[in-house]
Amino acid sequence: MEMDNRTTQLLTRYQSTRKMSRDIAEPLQPEDQMIQSMPDASPTKWHLAHTSWFFETFVLNRYLPGYQPYAPEFAYLFNSYYNQVGPQYRRPQRGLISRPTVAEVHAYRQYVDDHLQALLRTGWADPAGLQLIELGVQHEQQHQELMLTDIKHGFSFNPLYPALVTREPERGSASTQHWLTYAGGQYNLGYDGPDFHFDNEGPRHQVLVPPFKLAQRLVTNGEYLDFMADGGYHNPLLWLSDGWAWRQQQQVEQPLYWQQADGQWQHYTLAGLQPIALTEPVCHISYYEADAFAQWSGKRLPTEAEWETAAGSLPVAGDFLDLTRLHPAPAPAGDGLQQLYGTCWQWTRSAYSPYPGFKPAAGAVGEYNGKFMCNQLVLKGGSCVTPRGHVRPSYRNFFPAHAQWQFTGIRMADDA
Amino acid sequence: MEMDNRTTQLLTRYQSTRKMSRDIAEPLQPEDQMIQSMPDASPTKWHLAHTSWFFETFVLNRYLPGYQPYAPEFAYLFNSYYNQVGPQYRRPQRGLISRPTVAEVHAYRQYVDDHLQALLRTGWADPAGLQLIELGVQHEQQHQELMLTDIKHGFSFNPLYPALVTREPERGSASTQHWLTYAGGQYNLGYDGPDFHFDNEGPRHQVLVPPFKLAQRLVTNGEYLDFMADGGYHNPLLWLSDGWAWRQQQQVEQPLYWQQADGQWQHYTLAGLQPIALTEPVCHISYYEADAFAQWSGKRLPTEAEWETAAGSLPVAGDFLDLTRLHPAPAPAGDGLQQLYGTCWQWTRSAYSPYPGFKPAAGAVGEYNGKFMCNQLVLKGGSCVTPRGHVRPSYRNFFPAHAQWQFTGIRMADDA
Amino acid sequence: MEMDNRTTQLLTRYQSTRKMSRDIAEPLQPEDQMIQSMPDASPTKWHLAHTSWFFETFVLNRYLPGYQPYAPEFAYLFNSYYNQVGPQYRRPQRGLISRPTVAEVHAYRQYVDDHLQALLRTGWADPAGLQLIELGVQHEQQHQELMLTDIKHGFSFNPLYPALVTREPERGSASTQHWLTYAGGQYNLGYDGPDFHFDNEGPRHQVLVPPFKLAQRLVTNGEYLDFMADGGYHNPLLWLSDGWAWRQQQQVEQPLYWQQADGQWQHYTLAGLQPIALTEPVCHISYYEADAFAQWSGKRLPTEAEWETAAGSLPVAGDFLDLTRLHPAPAPAGDGLQQLYGTCWQWTRSAYSPYPGFKPAAGAVGEYNGKFMCNQLVLKGGSCVTPRGHVRPSYRNFFPAHAQWQFTGIRMADDA
Amino acid sequence: MEMDNRTTQLLTRYQSTRKMSRDIAEPLQPEDQMIQSMPDASPTKWHLAHTSWFFETFVLNRYLPGYQPYAPEFAYLFNSYYNQVGPQYRRPQRGLISRPTVAEVHAYRQYVDDHLQALLRTGWADPAGLQLIELGVQHEQQHQELMLTDIKHGFSFNPLYPALVTREPERGSASTQHWLTYAGGQYNLGYDGPDFHFDNEGPRHQVLVPPFKLAQRLVTNGEYLDFMADGGYHNPLLWLSDGWAWRQQQQVEQPLYWQQADGQWQHYTLAGLQPIALTEPVCHISYYEADAFAQWSGKRLPTEAEWETAAGSLPVAGDFLDLTRLHPAPAPAGDGLQQLYGTCWQWTRSAYSPYPGFKPAAGAVGEYNGKFMCNQLVLKGGSCVTPRGHVRPSYRNFFPAHAQWQFTGIRMADDA
């Protein structure tokens, strides 16, 4: 039997996505792939195995007759948080698991790839099964971003400041910020099209959005330095109560990865330690910092509805994942919204709550999104380490307010 | 000069509110008023002083010419979190402050009362000043509820189980739950009338509410025991991810204040240790527990908009603060929504976020509400320890998802 | 039947000791007696009850026929750490127990006093029972010292700096330190006489002591300020490894209770906040600080054997507990060892280990000393808050190296 | 110029010691050498680099003219705790340092080896320098033991239970314990011979030792299981106060690495997960457990003086490090003390305190031992992972009472 067109396309995307994970890990030494620098981050090696476990557990175990899992312990070691399929190795201890080695993990990946491709080539086309493969591809793309944010976090503790890419810092000063005005009205939020989307993006529903303004581009390092120079980190009146407590307890005085040397600000990037470039967007910003900056500016952060209606049907274009760069770029010249996609995830002031009528996906993959709908905020737009083609206007990324290690920046908003 | 009508009414409310605080503390020994059982709770004595500090700081210091603060250190000791008026004594250490004693705190209260009444009797009627007195009265009412929740929490650690009231536990089984259906539509949310309201209740704005259903009454202890008997506390699939982590780390196996003795469930109440009554509403429930219970029931918690539009213009009546009871009562028989006000605060699934166009109140009292708009959920309706007359449909109470020590219960909702 | 002479003396000592506890608590308000400022400290009220529980549990329950305990819950609430007689209320939560109130605790004390005196007046003279009464008296004396150290610690958190006594600070500079040389040899250590002593003071046994020198008096505040001025708190080479870790983690930069105001050092004392007096002995010093100071001086701390053999048969005289002073006094002029007893407990470099052949006392009171023989250091000599008559040359006080809240000072030693 | 005899011997020992470190690491993958499973343990890779840093810092930098350190950052990364030579990378984060990789660390080792051998071959024979090389060799031997204890600890968290050796578990039951009696008297303690010894082993000095008894062999797993079966882990009367608190807080219910499966006790060893062998000595025992076991047996642990005088001039023979075994062996048949050396480190009840007249070694290496003389206990005899030739009767190993991850066992003692 032959694969139909759609299956062929899926197989191609499966293959290129799997290859991208290998490409990301390629410049890393086995030692690098062991680092777990905080409970929220995972070793590269674990990401490589977990994404394979996903296909094994949700596709091969169910749909490939006679499939033998590669190793029984992997069901436990590489399950992240799916209680429905079994217990999980303790997350904060992933960095202690030296075996399977990197080489063994790649053998595991190959084993899963071989079986999954064999399954597809049989002409098998169970719709639910194909959807799970699609979900697995999207899932692996999400972990590709995490591989990069986690290795950056891990490397940042090394005084040798390892570099994965070569890149010259930008020159010049920040350009003037401009504002765009939106009329408000009744809009549809969320996704209802035929293409892949996560369960949390639906159901599509109507909302009322008052008139508002959005900043044309993201806040730059130069502007953020003005906030710092004005005592932004030491004025409690600018901060949310929880944010001020966090700032004090963690002794936060500058963005993550920034340090001062000889009176000059530098930051650790995946190109090594570099001087701060004024025109680049400020990045690795917590919600608390983003909100304090907006307060200081006399503005506010956008709601998810504002961001999504402003994005409307603009093309999903921007500086997405490029393994030769791995750093957000300054805004280009031009009219209209800049840096909407790629560059930096943009914090919204909207809590990550279920949309009206939201139902988690059926089965174990229903644990994917719904159970995280508490104590998190929505981020929109993707970043410079988000794989191209992964996001949409309705895409809802979410992190707690203190998270800094993602490529997160600030888009400001205001009442119109 | 004479007081106008409005000022006279304000003075009367000031006096009765101040008296209520004394009445609440009256059965307490000086030793009781020292207890601080967790950083979130404060000693009774501190509440008595802090509510007076509020009037001193925001009214007397500004509006009464020549006013001498009672004691300069109190500006530091009894400031809760108003950075704009100065530094604050460390909150978790309030239980270490034995001086001023209870008697001295009452002398402080008297001093503030004397001066504030003298100010009002001069015929002074600065509108902003009168508003601040009104705010101080409302603020003291909020602290009255906290005095009772905090002393209950503190007493619960004492194996002698001190009782403030005498009360017989209810008998009988839980009545059947009924459901009411609401049509949905475009509604106004928030307050815009002439009477007192907090800044966070506005601006009034339009929202779209899909059709929904609300449970007629709160969830009972009997129903909650069914959830427990069905393994509710040990099934991670029912819980939010953060909720499950909280449950495991805190080893939560039953509602706060519950304990099992001789195979029977009992709970600590302000009438001492008592058997669980099946018809009473389950109380002292965290958001995590409320959400897990709703999941188990195949329902969900209401949004703030659903609760507020259902409340509509129903009378604000219910079992509010009664110093002879201090415990939530079973639902009465009857049609329509029961236990809407008083009884137990009802968790909504709505994050405590600013309404569109929200602006904090001007001046230092702007720190009252806005800076807490992160990581909290809205609760509606008031409880059996909320002073009568304090709440409205638009009233927004807020606590983090793990909070249990308030009189919080569960109203279920569903899609229609 | 009549009491014999020894019983009469015991009764007298019982009565005066019980009275001393009341005298210590007399200037305290009920609120003061609730403070628990750290797990190691207890509320005054708890000390008052626990010392009575000791007589009730170990004497009245066993020896007074038909004795009814005052309240059954007290067996649990006021047991400190005697596992053999039952479980204990959690130590860090003693500050939450407002009931029994101070007045009720005094009624409890009276009840115990009445019964114990009645027992003695029957002519009962069971030798083991009388020994337990003697132990109870000594035990209460130990708690008298703790009542004062704990209330000082608790009051120190209050910016009103409550004072229990009135006292003028000393003037003048520190006198020159002198050194006394001892020949060394074979000595007996520990106690073997007929009078009361704790089990940990025996058995008496022989030790070899090399020649050594002792400083004539304790280290003064003036000398300690020299250490601080020379960067003593910032030079890791002076500190034990654990000490440096403690200093960094706790951010210790000066002795407990010291603070700088307007360029002047002050310290909280039981006479309120006062300027540092240069001639007074430095007090509230951890072992880590004492050791670092000695290192800086090119000296060392004495061993227990050195201290005890130097004390030899010198009279046990010094500035012991005086309720009008509660503060260590400067060394008087004169030859020979000064400030040997009273003034400040003197850290030795000797671990608190069992003497050869040590056997804990029989029964539950065997939990008194032996189980603490790990991770503690021996202190000798008593302090200005130790009841007169309580200590001996062989007396072994013990605290962990980080403890600061006792009246602890520094006697230096050196090899001869 | 030629090397003299002593230098030639030193070079040989240097070479064989350096080779042993490589041999220990040889079966490990690069990933394995990254594991840091607790702050007290270090990655294999770090041990390999740190022991080289020691030679570079204390020998090559000082004595080899024109020596260029391999990499300037290593002075910071691989300094453990020598404040005198500079700051140190944070110990708990050693597991985050993936670069230098294992291969680079071996290149560093080779570089140091080349230069150190070149230095020695010049005929240079500075006595202080040669002593530092000797110290470096002894230091590397200590780290060889730590490499094995640390990798065992790290591997134990992996459900795959990696094995470095193949070994069959022992069969049979525990033999009867016998006791040897010693007369006591005046003895010399410590070392004063011409050979290498650590500063903490001196000065040699006289002590009085009362008569005592020692158990002929170490406590076996079989005997320890009796203690467990008798409720040893749940009887607070057997435990030191700190020990009981540790046991409760850490929920210790069996020795480290033990687990029960199907009603059978197993333990993780460097040969993988194996059934408990009754005749083997119990191992990985904290001081708290050792003391509780001795209490339960009606015995006690020996003092350092008892152990050292009993060892007297017995040959230093036993089951020392053997890379094909890595596990303690049962006691052989025979008279006299068994398992005195090798097998398991034996806890003494003696605090790790300075000997009378102790002076730390001059210079930075004076930080080696003296600053740890607080809150630790002395262990004697070496273990099955101690390099042969490393220990002496006077050798003083030391760990805090809660440490379990060393190969520590129990030798009991008693009063005679």
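Order as written gives the chain letters A, B, C and D; numbering starts at 1 within each chain.
The rule is short, and it goes like this: a residue touches a chain if its C-beta (ideal position, glycine included) is under 8 Å from a C-beta of that chain, and two chains touch if they have at least 3 such contacts.
Predicted, not measured: the structure shown is a model, and the values here were computed from it.
Using the contact threshold fixed earlier, the set of chains in contact with both chain A and chain D is empty.
Taking each chain's centre as the mean of its C-alpha atoms, the one that lies farthest from the centre of chain A is C. With centres defined as mean CA coordinates, chain C is found 46 Å away from chain B.
Look at where the CA atoms of chain C average out and do the same for chain D: the two points lie 38 Å apart.
The mean-CA centres of chain A and chain C are about 59 angstrom from one another, to the nearest whole unit. Within chain C, contacts with two or more other chains are made by no residue at all. Taken together, the chain B residues at the contact with chain C in this complex read 29-35, 37, 45, 73, 76-77, 89, 93, 95-102, 154-155, 157-160, 162.
By the touch rule above, chain A contacts chain B in their complex via residues 81, 83-84, 186, 205-208, 210, 236-237, 239-244, 287-288, 291, 303, 349-351, 353-354, 356-357, 367, 371-375, 401, 415.
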